[in-house]
Every structure is written in C-alpha cells, then in structure tokens.
C-alpha cells in the first residue's frame, strides 16, 4: 500500500522542511516536518538543531513508529519526535506533521485563545475554530513532556474527522499542523499562520467581529473538501 | 471596437494574474483576475486551483459571457467565475476584475466594516468609503452562491459611476476590485489593500480619526480622474 | 558656489528617487524627490506619474525656482512641484526634498497627531516631536492647493533651525522630509517612517509611554549634530 | 587560552556585523557588534557611522579593554564603545556583544516595560523576563553617557548567570544582547526582537495573557541549556 519508497519519502520530508523557510514560517531552526511510511512503520523527521541550509535528504532521521528508536547510523531526531509519533499512532489519516514557532500562531497560543473562524479564508481549510489546548500539568511537563504534548493535542482532535481541522495551537507554545502528505501539512501550517494573522487584525478593527455562520462555513469548506467539491481541476481535466 | 485580439487579451490576463503574486496580494492560489472581450462576448479568467508558477497565457480559460460556459478544450475556470460574469453583465465599464484574499482587505471584510476615506492616499483612487457588503442570506448561500455574491456586490455599485469606487469588500469574505483593463484592476486591488492597512494603523493611533471632508476628497480624486485632471503626463507629452 | 553641475544634480535626483523604492517607501509612483541648484535657480524633480523603472537621469524635470516653469523640452513635473518650490524659496538650508505616502507616516498624518519623541532613535535625527500640520481650509484647497500645502508646512518650520526637525506630516495626507542633499532628504524620510512605526508599537504596548526628557534629547541629537558631535568618522579619519 | 588569532576574531566580528543586516535588525548603520580577545585584552568593534556595505574585516576597530584606547592606525570606534567595554570588564562570560535599534525591542524599551516570558519561544533562550532598565539620571547622561549606559545595564545582570538572560533593553533606547561569541550574540539579538514582537501581538489578542509558569520555563530553558540538555546534536553525533 506504500505509495513511495523510503528514499522518495526522505526527499519529500527534506523538501517540506525547506518549504518552511521558503514560506517564512521559521526563524533559525525553529520548525520541523515529518512524514510516515505506515507499511514499514518508519517515520522520517528533521534532525535536531541542524540549520536548514545544511539539511539534505540523507540526513533526515528514520525513527521506528513502534518504539521511537532511530535506525542505526542516523543523527539525533528533532526533540519534538515523541509528539509526532504519538499523533501518528493515534490518527491513521495523518501522513505528514509540522511544528513551527510561526509568529501569529504563537501569539494566539501565548494568548491561550482558540482562533475563531472569522471568514471564508479560514473556512476554506478549517471546518471550525482552531483549538488552543489546555496547559500541560506540572506532572505532564516533568516526565515525558514531548509525549504528553502529543497526548494533550489528541484530546482536541476528532478521530474520524482528523482532516476537518488540520491544525492546532498548544497553549503558551505554538502550532502543530498535519495533512495527507508532508507538503500538505506545510500547506496547512502556512494557512494556519495566515488566518491567525487575519484574525488578529480583524479583532483590532472590530473587537465584536463574529464567527461565520454554519451555513457559510459549510459552503466554503465543502466546496473544496466535501463529496461534491467543485474547486480545482477534476482528475481528468 | 475590440482593441485587441483574444490572444492579446489572454496574455494580458495571464500577466495580470502573475502581478498578484508580484504585489504580494496572494498566498498559494488565493486570487484570480479576469478580462473581457465585449465584442466577442468572451471572458478570460484564471483556471481553478492552478499554481501561479504553472500559469501560461494558453491555460487562461475562455468563458462565454452569455451563459458562463467554457469554450471547448479549456480547463475548469476559477470557482469565482459566476461572480465575475455577473459583474461584467451589469457594469459595462468594467474591463477587468480581480478577487483576492489580501490580508488587510480581508481583515476589514471579516470585521464587517466599510473602509473609511481617512486621507489623500485613499482619495486619490476611491471617491468615498470602500463599502463592505451585507452578509448573504442562507438561501443566497445555498443556491448559486457565487452568482449571488455578484448580485450582492452589485447592490453597492453606482451604475453610472462604476469607476469612482473601483473596489469593494464582501462581508466575511474579501475584496473584489475592477478597472479599465485587467492590469488596472490589479492596480486598484493593490491600492485597496494598502489603504485598508493604513486605515487600520490610523485608527490604532487615533480611534477618533475622521474621514476627509468632501472638499479634500474632491480635490484629490478629481485632480487625477476629473475632466481637468492634471496628474501624470498628457497624451502629447 | 554650486558644488556640482546640473547634470550631476540630475543624476543625484534620479538616484534619490530610485532609493525611495529600494527603501520600500513607495507603492507605484507615490513619491518624489527633488534637488536644487541655488546658484542657477533651477530645481530638478521627478516627472509626474512615471514608473520608477522608467526613470532616467535625463527625464528628471528642470523647473525654474523663480516662476515654477519647466525649461524647454521637459516632461511635466510632479504635481507636487509647487509645494517643493515654496519650501525651497522660504528655507535656504534645504538642498533636497522628499514627499512619499509611506505607510506609517501616513497613518500618523491620517490620525492628525504629532509623532512624539519616544526614544533615542527619534532623538538621533529629530530634535523634538515631528509636527502634524493643521488641515488646509476649503479656500486653500480650492485654489493653489499644492502651493498652499507648502505654505501650511512652512508655518511649522523654524527658519533658523530648519534641519533640527527635517520632516513633517501633512494632515490627512502624508510626510515631507528634507535634507542637505537629495539623498540626505531620502535618509530622513526613511527615518521618519521608521520612528512613526516604532511610535505606533510603543503606544500599543504602553499607551502612557512618555516622550524623552530634554536632557536625553539633547544628548542624542547633539552627539550627532551639535558643535561637539562625536558620532561618525571625522574628516581626517 | 585564546582560541583564535586577532585576525580570525576580526573576521568573526565583521561577519557578525553583516549578519545584523541579513537578519533585518538594522536600518542604515544603527547597530554594532563587538568581540573580545581576553588574553590579549583587545576588543574589536564596528567603526562609527560606516555603512555595512563598506565594512571589511580590516576596518573593524581594535580597542584596548584596559583603557578604551584604539590601537594605532584604526578608524574611530562605534560611539557605543564605552558601553561594550564596561560590560566586558564586569562579565567575564561575555565573548560577544550586540547593540541594535531593532524595531520591536525598541518599542518595548520606549514603552519602558520588561518583555514578559509569555511562551516557550522565549523560554528556549531567556530564563525569565527580559528586563527594561531604569532611565539614566541627568547626571549620568551629562557625563560619560555611554559608560553609564553600561553601568545601568549591569545593575540588571546576574554575575554568575550572565548567559541565563542574554539580553536587555535600555529604557527609551533599545536592546543590547550578548553571547559566547559575536555570532551567538547576534543570534540572541534576533531572538530578542522576535519574542518582543510575539509578546506585542499576544497582548493585543489577550491583554490578560500570563507569563509561563516556572515549571514550563525550567523545562524549555533547561532542555536546551541545562546540564542534561537534550536539544541539538551531541558532540560525537
């Protein structure tokens, strides 16, 4: 069922990590993208603390989904690896995950507020508000912090509609986004930061601005993602 | 009366779509420009969901103004096509139309507020506030949403002075702008976002800032656009 | 006493106009720089409505200081020419003048507020707040608008300390800056927009932020501009 | 004990000064970086008022730590030299110092407010709020202003944990940052401005946003900087 080799996935994950910089989502090394080969039970992720300019397809780190151990000869994986693994284990639809400290998503995370669905830009991608998680407890911080970050995120994700809201912000931390591939996850991370930015400006203009009604939310989300979607070229276009 | 061939118009529409990216008005594929050949009854518009880097003059989609049908062998046109067509049908002065999700215009649209004419930058292009439309009703959303978007926009446009305020923001959605050509429409879309941005900052500095008086509005608008305009080079310069 | 030929000044004015774009002070053609040869009584200024990419040293427009008439064979000068001329006539120290619609200076102008001297960045260049002029009267707008703009600006400039505050914002319009040369005027226009931006953010963080005391203002302004200035390299360095 | 020659340090200081521009921390010449050779008692710093494009390794100015005098044949050092020297004398851990007028750090400085630790981006680098100093007294401004700036900064730095909060903002002035090398100091200056920016946006979204608890602060700071740090590649990776 795997649609590509490990080497092809390595290249995809590498390119997706570079795309973070292209889209101005990262300062220094503050972001990472992973991808997964579910048949082989292998996740590929950015190495920890390596500059984007020094990344290569080869130094993407292969980690076993089952136990989180890197394969032999690999660099140390991103310190956020246990968060990625936990999400992949719980949500089979996820094929790529991104974590960044992108500016506007972080601002909402630090504010401890869900990002409301204030317009159609948001509704085109996120079928409702983007949740801000609860804070982790002290116990959750002290032991297995990164694993617990994944567990707390999971509390807010709908198992059967994982892709309906393909991103979240972790309280006082920052955004995670996911998708049907590593590059799709990056796409969603870009949108998340952009709608976070628009929402800030909207509320500055009108603090009483309201979320879109369910009818408009349905219209925009479903014309791109529903069974009768009519956005984009059909397969035989 | 047509001033250029369909092929020339194709190239103009293609270039105008690329200009959206050059002016930082679009994220991903979130924008489209159209142009019209009124003699032949043909509108040309960006294809749906195609990246800007993959656009060519050739893949601009030709659609019949009369019934909205693409000519044979064309890609699927932008999902906003019925909005563009409705505006071209109602307002003969329009020769180019742009829709984007540019950041600051969207913020005002999500805020549900007209963009006030706070200074001469605005008055140089827009002869009064830039209206924010009413929200569409649920019935208008459910059937023929994009067509109804055009109809709602039309409620706010002066038929005989279509170019006096060459743009609008659709409630909880985003901006549409128009002009005497596809590139002029893009020009107006750039100005719309810039004055939206300046208006936000102005009100942050002084929430009681007031709109320009009619006298200053007249002066600036008419020195560029009136019968006795004295801005720019005259034709025989 | 002229330190350069008309041709050299032409090149300086052209380069200074291009610098506006390099420093991101202009959208489209929304800015102009002039320079003056006081011995010959000639001002050079950007032509009206010409894109920056089409500017050349040769198409800078030569205008007589005495009567504002362009020399033979010139393009039409910027519509703001009478404002520039009025300022050159009244203030002999001015050797270059800039007008832009730069974003943050315009926001303060639209807000109708002086830009307060909130820190040393401001004090390094402007020896006090940057004034926002009064609005022009209807009579001043109706006849000789651009000339009257210059007259209103002049009400706020200290004749003997013209360079102590080398810029101003015109109510509901935008900034003018000046300097000891066209490029120095551009330099001051860049600083004006930057301190306008910093002042906005400062007051967002702390609406009660106060202006610098006279002592700190003196220290920073005078260490760069006073008789005993000790900033930069001395002439024989 | 010196790990590099004076010539190598010259090149490092030059590159670190250029990095200020690369990271968009400076307008014109508004920033300087220094480095120190403690064995030889020599500090290297940017010359005063020289454009970044004209900087070379060779024109970095060598100054004696003991008495602040430049070595023979050097340009005039940055006017902020006495501040850098005072900090190097008092804090042996500092190996590089940066001063800029970066926009968001200046805004907090002008607001006269500490930058609160609102999230993990901050906690990854700064082990608590970034202090804003008291204003200098008139006497401190009148005589030895730059030296006194260093003394006032020193009031807020923990002698034994100099690197725990590697930056500060000087009241109504701007940021200073330091590090284990000139380039590390620039890195910290970039982070300082970024967390200043995020903090502004956070408080705009939620004026009641709170600082991170000590537990989360410990976790993030110590996983990068503590004895058991597990971020980045280990030395034998």
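In this document, chain identifiers A, B, C and D correspond to the written order of the chains, with residue numbering beginning at 1 in each.
Everything below uses one rule, namely that contacts are C-beta pairs under 8 Å (C-beta built on N, C-alpha and C of every residue); 3 or more make two chains touch, one makes a residue touch a chain.
Everything quoted here is computed from the prediction, not taken from an experiment.
Asks: So subunit A and subunit D: same face meeting same face, with over half the numbers shared, or different?
Replies: Comparing the two copies, subunit A and subunit D contact each other through largely different residue numbers, since under half are shared.
Asks: Distance-wise, how many Å sit between the C-alpha centres of subunit A and subunit C, to the nearest whole number?
Replies: 47
Asks: Take the average of all CA coordinates in subunit B, do the same for subunit C, and state the distance between these two points in whole angstrom.
Replies: Once rounded, the distance between the two centres reads 33 Å.
Asks: Quick one: which residues in subunit D touch 2 or more of the other chains?
Replies: 203-204
Asks: So how do the chains connect up here, line, ring, star, complete, or something else (other)?
Replies: ring
Asks: Could you pull out which subunit B residues touch subunit A in their complex?
Replies: Residue list for subunit B touching subunit A: 27-28, 30, 47-50, 75-76, 79, 101, 103-104, 106-113, 135-136, 138, 141-142, 145, 172-174, 200, 203-204.
Asks: In the complex formed with subunit D, which residues of subunit C make contact?
Replies: 118-121, 187, 190-191, 194, 197-199, 201-206, 209, 212-213, 215-216, 219, 223, 230-234, 237
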